[in-house]
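In what follows, structures are represented as structure tokens.
Heads up, the next two complexes both have chain A, just with different partners, chain B and then chain C.
The block that comes next holds the complex of A and B.
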């Protein structure tokens, strides 16, 4: 590894140049979505291309709030995503702990099934699940959606937490036990605090996964609309082929924004979590 | 201590589940954009409508009047406006016997896919009686909304023509006052092609070009499902000549959809296009009007023919509120229903007698009336696997236009596609 202070100026410039190119490639589409969202519909495709609209407007956002029910959608998203992550994490921690600490044939098979479920595409199970949810009156309900969201994040979360738990020596819990800790005490006071980096990482990843989930809320509900599916409810213009790009951009920006903010705030935890999970030894 | 943690874990889970809502129906969304209700449990004169109009600013006005005049309480569910997603949703609802919606708004693609599936209730004996039916575009009703058994399955809510739009200034610059026939049309295209501008602009992206191919097939008196028909061959040859022989339209528009085509038309790059609707895009760009961009009657080639599209109200066969649903459908097909659509959604009435009324006013009325009285009005030629068929035909057309296959190859492969998807 080259020490920091021994880097030559050209090398530093190349590194910064590459970083600037990558940053531009990532940021330009976001900038373009934002610009499109504040450009009046009639100016969207004007030539020459404008990188800042002549008449910027927030009409698209106003329309989304007034006519597309943006605020209830944000509320629904918060309820469903929040509860899914909360309940999902509780179940995942307990499951991962069991899988990591109690080695039985049955649990090994259970892990296998859980992980195998990640390989099944959503569309394969969609129709039977649709019929099932209707038959148990969970179709188009918060409960039904939360269960489906949790089932979506569970395998990945359990996998990560179990791997992390495998790296925490059992002897630590045994020492706690010798010091008088009961089973749950050692779990909550000793093991779970050690799991924090992994918990932070899966929480963040699950948040993004849930927020981006399009198929589940679209297919398994009619009345409960969330942000990710709102884009399918934008009004048609004049004919069925005319796409309201100004509204699409505004909606896209609203969907992207929480993810950007979340990642910007927690990027250190994400990196730490990934690094911690990635280094064995 | 162990007991405490057991209780804590159990309690946390219970609270979380309780927060998420324990009963199925009790935890439904109660948001402003949806009036969802289980149609199976609805009252006698209560229906659930699956609609694409719920995000329209005037939807509530439309709804209020529809409820008052139909005497039916209308709950509603917002349908996806994105076509692929909507088709999947509606297919699932209808095929599963889901009775949570009674009436659905469907477009031409969905009507074609569903009309023979047995998922929709026939309406000829209850709603589309002769007095109503006679006022609707006959070609469209036959092509789009009649099942193979002869059942009428939908009430069209408006008429929207795929008309010929011209730039009046370019028409005048070409020294012409009108485009009446094939000769005029070609003359106009050639006269207005200069300085990087073209006489004709298309959206020849593979899933969009279908509309234009079918329009020319109709004008030449062909049959979209018969590629041995001389009129059908002439139509695609005409489009080939426009792009390659006369060069009055650019080949690179094979990547264009309506957005790109409309922008180029607005920017003055094209002198004419085929386009749906009443010119909203042109109005927004301040390019609409008799002295600028406006719709004219279709020129007469072998015949004068035009496509109309619509969204139709259909009745779910699994509905448990059929009496109330039929009340609503009768209203939708009535003068009041069609005028409500015109007033609040700018939808031009599908019924000729309603369109002729004074309440329906505006410059579009003149040309729509002329088209209605001089053209054969048809629904587009679609097959049950609509999108696959449209896409394959579009790909074949693009290959032909780019000289990758000959006209004979195109017609042969097009006929094979027709047989495959029929």
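The block that comes next holds the complex of A and C.
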């Protein structure tokens, strides 16, 4: 809002100062979680708090792998998130394509329903859904969880893809059909390749949404443990402390590190994705 | 091209999987929620009988529930004031051109991308009096400072709001930034020629132009706050006492811990109706408020 050429040196310093405060407030807690995760359990409880451990160790991580089953949890998370995104994207593209290309009253009601259902909070449906999943034997199964994860990302994904599709002219598909493409051929070979940037953006945002999904695995699974719920279910160790903070921070850091890397790499696409959803949604 | 009857079937087949999944996960359970809210269902005692609106009447006399509603209101209002005031300031910083602006925008995305549970678990420790990050930091300026944040009602509530702000305020700011970027720089140049300073042009140009954007964002963020659950689940477990039990947290404890399914359903219905009213308001606001 202030033209660049008129900016004085003190003003630049103020801006840098503010930016530094913001960066500090966000990054310092993350640094602290990291430091805590490599500090031996006994040393964690020192006063004043140490921001560099005297004897850094990977014990907490080893403990998580050996005694808490970290690797199976990572495996579960990968299977559920991976399949949810893959299947969810296929279903969303199909629906978005139909919504963007066909116009009947029934379909516009369906769009309205899909978007309105976004407003129904998880907690409102939790108990009946839990009972229903148990009765159809989908509770605590990969299938059940994947269906619920997909359901979570569907409305947002359809909304974004439909917006993108509306901007792609139908005439492209029409000319493909004149060249002899059938309906599905023109959808697969002409339209979907044009959607690629939108697909990438939505995939990236969905990846984070699924990874962070806490509600679904908390209430609809028990044996199948994923990373987001595992952090609240860590075992007490040696009965020394109320909460095993060393393990919590190690588990926290295992979840956070890939996210930090991911955000650093895909910063631009994520920004586009949330802006497209946020501004229009 | 796609008008002919032949495509009618294809259109519905393409939509069907998405529709079925959403019906299965939202429509069926919400109807069931309405239904069981009329029953007294206590799974532990094996009770199930029709009681009409008794569950709803009970809501008004349940002191736990009143505490929950009061804290949810405090939480939503406190958090939203923070979001709007600090969010606009942060958005303005993010919108300025300076070296490191790109890095800052990436950093600001991080809290949004991280799971609330992890943040809430870490916060529980950060607010610990003896070994926590926050008091350690304060003690560097005031060495005799001593406060166990999470064991007193007011400080525990403030801590919950602070954590909520840390997690979502940057995201709010990014969305405000999206609105700021639609304002053309011509307007500021014109204002400058007319002799307006930067504060004047903020209040006369920036704020009016992003007000619609802020209003919409505030409604959505308010709705997310009303259904907030994981922050108190992982950080305070609703404590001390019941003082930080947000309504959404209360619903799940009644439904899954106390197994008062019918009563939980009646709270859920009220929550749903509040959301419905808010979304109705947001839609009429979107239509009415314009530049």
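Simple rule for what comes next: the second predicted complex is superposed on the first by the 236 of 281 C-alpha atoms of A that agree within 3 Å, B and C clash if a C-alpha of one lies under 4 Å from a C-alpha of the other, contacts with A are read in each partner's own complex, and residues count from 1 in each chain.
Definition applied: a residue touches a chain if its C-beta (ideal position, glycine included) is under 8 Å from a C-beta of that chain, and two chains touch if they have at least 3 such contacts.
Computed from a prediction, not measured in an experiment: that's the story for all the values here.
Of the two partner chains placed by the overlay, only chain C lies in contact with A:22; chain B stays clear of it. Shared-chain residue A:257: touches no atom of chain B or chain C. Looking at the shared chain after the overlay, A:236 reaches chain B, while chain C stays out of its contact range. Applying the stated contact rule after C-alpha superposition, one finds that A:228 touches chain C and leaves chain B untouched.
Contact with both chain B and chain C is seen for A:47 once the two complexes are overlaid on the shared chain. Between chain B and chain C, the partner in contact with more residues of chain A is C.
Once the two complexes are overlaid on the shared chain, A:143 sits against chain B while remaining clear of chain C. In the superposition on chain A, contact of A:127 is made with both chain B and chain C.
Look at A:72: by the touch rule set out above, it reaches chain B but stays clear of chain C. Of the two partner chains placed by the overlay, only chain C lies in contact with A:117; chain B stays clear of it. The contact surfaces that chain B and chain C form on chain A in the two complexes overlap at residues 45-47, 94, 127, 130-131, 183, 219, 229, 231-232, 243, 245. The touching residues of chain A, when paired with chain B in their complex, are 40-42, 45-47, 63, 66-69, 72-73, 75-76, 79, 83, 86-87, 90, 94, 127, 130-131, 134, 136-144, 146, 182-185, 187-188, 218-219, 221-225, 229, 231-243, 245.
Listed in rising order, the residues of chain B touching chain A in the complex are 1-2, 4-6, 9, 12-13, 16-17, 19-25, 27-29, 31-34, 36, 50, 52-57, 59, 77-83, 85-86, 88-89, 92, 96, 98, 100-101, 107, 160, 208, 257-260, 262-263, 267, 275-281, 284-286, 309, 311.
By the touch criterion stated above, chain A contacts chain C in their complex at residues 1-4, 12, 15-16, 18-19, 22-23, 25-30, 32-33, 36, 44-49, 91-92, 94-95, 97-99, 101-102, 104, 106-107, 110, 113-114, 116-117, 119-132, 147-148, 150-151, 154-155, 158, 170, 173-174, 177, 183, 208, 211-212, 214-215, 219, 228-229, 231-232, 243, 245, 248-249, 252, 255-256, 259-260, 262-264, 267, 270-271, 274-275, 278-279, 281.
Residues of chain C touching chain A in their complex: 1-2, 7-8, 10-12, 14-15, 17-19, 21-22, 24-30, 32-33, 36, 90, 92-93, 95-98, 100-118, 121-122, 124-126, 130-133, 136, 139, 166, 170-171, 174-175, 178-180, 185, 188-189, 192, 198, 201-202, 206, 213, 217, 220, 223, 226-227, 229-230, 233-234, 248, 251-252, 255-256, 261, 264-265, 268-269, 271-272, 275-276, 279.
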